[in-house]
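Below, chain A partners chain B and then partners chain C, in two separate complexes.
Now for the complex of A and B:
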């Protein structure tokens, strides 16, 4: 088992190197660079920029150097000094921009993932064990509705309901008076008051899809002979269902739990924009639109690292939960 | 009540979209303590459902419309299980406590997520007050009782780490853990190799005698019944058509259905007596000639992707099959027999050795030297009929598409021609051309196998590989399919490579028999000679392991075995 994990960790290293190169190439792919966009904006604001001025701007940002040098400069800073560079657009260190938002993003996403599972798994199990019962049909209808309604629409409806009926502003994560205040208990309570909306919106959408998968997995497992064996041993239904087929049916979830990590950061941009959440999604979108090279690069790199860590976590969890993998 | 279980006038229905199916139709059965009741019947006879009624574990869609199923409890009181709730405490006490159950599929009947020891101690914790250490000791004792090697290590093993036979032993240990008065065994040896089957039957018989357990042994195999049962109930379409003592059923069957089933059983020739000689091959020239065929599979690779561990699945195998001959390739699971077939069909490239082929125009080809398009064109000369008629036909294709597909693959585009060829083939395999536009789900297992055969014949092949092609069918259907194959062979001058683990299937069919063991061909004999004087010890072991559908012979053989065992133990 230790060998398996070590093996995976060693494989992560070349994967990471490949990703940094791919990331850099992708950022450079679109025509032009940040200087082009910056100059266009200056001209748009009525300033005149001649060729010499343009070259000076380019040099200032370091964009006139050959690509390999830019690449090693970038990656060297990250590896040696933890320096992700400066965002051209914000004129702030990339790491500050990302880390500031990462905490809240992780909080929202983790909570919504947990809620997703807490909704989807019990309902999926119930629907499978009582297939074609009234509640199975009800949950099926709700599931398809949940799948069909876009998250941002649900968010809009919630905002509207909150504003019209409860006189309660649900946008953002803090009330205006706390937005720039230092952390305090009151601010924390205020956060909780706002937090449930995005968590609820994100979780219901995810749960709707997940419960269909859970139901299908469970139906397949319930038909297997080992379930009948468990009943024939004299086990009560609850212990049979939760102790045997559920454990097997959860495998596909466990093997994809790692992907939740990168999805936490890049996902749900529309919902985040609609709800005005200070999460990473909108920031990444803007960085890509403006060719804010170091910010976008830093993001993609962190996403990739999270993907690798997430997959590693999934692998380790699978080894722990499934003896067929542990003793392969 | 002197019986441990009494089933009285049990009727079970299924309400389906297109009507009501009477799956069990007034079954009455009883088992005394220490008695083995063999329940024999073909698929759909209601034998498994009747057994599940004893556990009150019928499918949720099943409706019991009448009848009683009485089980004697540990304290001697009698309980009508059908009156109990499925989840009631009384029911849970009977399951695993008073009645133990062993299923057909040793591969999937054990939990993949729990160790063998854990599964046994779970049962113990439900029905006894034993402490944790006492449970573990009892589990050890049980694993020892079912003769599993190294019981202590076995406790922590998982199902996927064990062979089929070992899993079935573990399953039996689990079923017996709380000293049940009744053991329900539903086809427990059907999925096993013959030598393993013989061992498991011996184990069940020994334990049954030791603990004076009642046993209901459900099977489709009369041979197994003859080895084990005291009394036999023959079931057909939800009814018990005949119930009598073992010898009475075998030597003086009263019901026409029993007589027919017994007459259909493929019988091994008696020792010394020659089996009926099959049609001789058309000519002595080999259609296929294997020389030193060897196939390695890579088990694991090192970090550069070079093979580290290799498994030799086929090891230096040479044989020829003459035109019009049926060559029976016999072996247990993992012996390499299917790998040989796949090498011939071109699905695997052999590691070493050569395969020579002579087509119908007497041209010679060396298959192992051909590549690409030329090899692909030659493929039409080889076809295969698979074991499982349910998974070997694409459910989304009509019979016409299924049968015509090999022609399409060979580049044929004329739809009319494909249709007429499919119709012609369908008639040849004894099905009506009206079925051309139907999908596989509309057919029974036997009919599907006929469709598979028609598909295999589409390109007018020289060699047809029959890979356990009748093993999954009921005996009466299997006999019909064998007749069809014989008939087609004579008419179309076909050559067969018949792969099977079941000796009785090829006893009256194959001209020659090759026996494979662990990748090697240990014996090739004329069929008659194989039965009268097997040369290799393994062939002899296989011959002895086949259950004989003849109770007296089976008993004699057991005595002889016991005597030789005592003899060897004494000397």
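Now for the complex of A and C:
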């Protein structure tokens, strides 16, 4: 078992290296660089920029050096000093910008993940134990709807409904009157009032998928002899269901927990743009549009690292919880 | 999931045929099985209908999708009536009275109960080439020679008919799904079969590659790649590249299905029999292994199409995918991006409904196909 975990950890290292290279390539892909955009903006503002000036700007940003040197400089700073470089656009350290927003992203993602499970597990169990009942059908329909509606569309619809029927501005995280106010209980309540929308939007898609998996797994498990045996021993239904088949059926939840977080962060990008949330998504989008490469690269890198760590965690969890994998 | 020995039913088949009993081929059994899945059957028709609409977009759309009308921005959808003052008059709409709100300077439209504008079918309209070949000017519906127009889904800010734009947008959005899936099919099946067939190092490498692609958060990766496409490029080229980007990320699930299936059947009797009879490797793959997994691949492809469509819509919606003047459902939804326009013109969300219907239909169809893919099971 220790070997299996060690194996997994060792595999994560080359993946990480590959990801840093891929990230660097991606942020270098767009033709031109930030200096091109910056010079264009200077010219647009009526300043004259001759070739010498352009070269000076490029040197100042360090963009005149060969790519491998830029790469090692970038990655070296991150690994050795935790320095992600300076955002060209904001003229601020990338790490400050990212950490400031990552907290909120993680809060929203974690809450959505919890909500996803809180929806998917009980309903999946109910649907399986009461197969073809009215509520099973209702939940099936809702589940398919949840899977079919893209996140950003759901956010748009909620915004529209909130505005038209409840006269409630769904976007953002604070009402205008609280935006610059110091933290207080009232502001916290106001935050909660806004927070449920992105959490709900992000949770529905995942919950709909997991709900089907949970139901299918439970149905398969419920038909097995050990469940029959448990019933025959006279155990009450609640104990039979929650004590044995549910534990087996939970396997896919554990094996996907690693993907769930990055998927939520991915989903957060679009939802946050629609809902105008101060999370990482809109910042990443803007960084990509402006070729603010260190900022964009830092984001992609951190999100990817989260994914790898998540996958690693779920692999380890699987090994710990499932003897079949442990001894395979 | 248990995959049954494909050789057994065939033997049983020939025995049964010899005994004169009616025999069902595997394909027939799949069809029976598929037909039991009602929702999937309905979805199949929905999908066919969607693609027919996309194919005949110029005939079905009443107006040129780029033709704007400054006199009617944000016209709400017009209700189609059949009864005028209690008597059946066939489908018609009421004419609209426009009025400018003195405070907001916005045009408001109210139906005029006296102006009956009948909807006619096969009317003359703007010229187009039917299927890109035959010059034509007939459209499915319209209001004939009158100056007024009919907007069954309303108009956008430039007074363009939303229904026409939706129908033309279907062409781009629905074909992105197909083209993207084609690319990921090529990558996925090639890598998946190599991995499943050769095993060992190759298998390991492909598995790692797939794991690597999956471990990169998709949306940021899409955004990064899409942002790399220069704005001034030819839209057709951008379109192709977008599908390639979607495929570069989407191939992993297909590869997994193919690899898994190859691993299961690699040592099954019918494959071994073919090999021991001296068939070459290529022949074993082409004649014996690939056909046995067609149904699985078709099901996986069907389930991959909605992912592609979602990807395109999301990218275009964020302004990083296709850009106007290209019309796709994601591009159309850009108009509904801010709260003001949704509050003002909720019908701009109509492309969203089209997306949901399409994705649901593909998902149901894919589920049905997947269940039918192995007719000997259960």
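Note that in this section the second predicted complex is superposed on the first by the 289 of 328 C-alpha atoms of A that agree within 3 Å, B and C clash if a C-alpha of one lies under 4 Å from a C-alpha of the other, contacts with A are read in each partner's own complex, and residues count from 1 in each chain.
In this section, a contact is a pair of C-beta atoms (placed from the backbone, for glycine too) under 8 Å apart; a residue touches a chain by one contact, two chains touch by 3 or more.
Being a predicted model, the structure only gives us computed values, none of them experimental.
Taken together in the superposed arrangement on chain A, chain B and chain C clash. Look at A:236: by the touch rule set out above, it reaches chain B but stays clear of chain C.
Of the two partner chains placed around the shared chain by superposition, chain B is the only one that A:248 touches, whereas chain C remains out of contact. In the superposition on chain A, contact of A:286 is made with neither chain B nor chain C.
Touch criterion not met for A:193: it reaches neither chain B nor chain C. In the superposition on chain A, contact of A:8 is made with neither chain B nor chain C. Legend: residue contacts after superposition of the two complexes on their common chain; A:299 is shown touching chain C, with no touch to chain B.
Chain A has more of its residues touched by C than by the other of chain B and chain C. When the shared chain is aligned, chain B comes close enough to touch A:228, but chain C does not.
Two complexes overlaid on chain A leave one chain C stretch from 4-12, 148-156 or 364-372 clashing with chain B, and it is 4-12. Annotation: chain A has no residue touching chain B in one complex and chain C in the other. By the touch rule above, chain A contacts chain B in their complex via residues 224-226, 228-237, 244, 247-248, 322-324, 327. Only residues 208, 211-212, 214-221, 223-225, 227-228, 230, 310, 313-314, 317-320, 333, 336-337, 339, 342-343, 346, 349, 352, 355-356, 359-360, 363-364 of chain C touch chain A when the two sit together in their complex. Every residue of chain A that touches chain C in the complex is listed here, in rising order: 11, 14-15, 18-19, 22-23, 26-27, 29-31, 144-145, 147-150, 152-153, 156-157, 159-160, 163-164, 169, 171, 259, 262-263, 265-267, 269-270, 273-274, 284-285, 288-289, 291, 296, 299-300, 303-304, 306-308, 311. The touching residues of chain B, when paired with chain A in their complex, are 55, 57, 87, 92-97, 100-101, 103-105, 108-115, 119, 122-123, 126-127, 157-158, 160-161, 171, 174-175.
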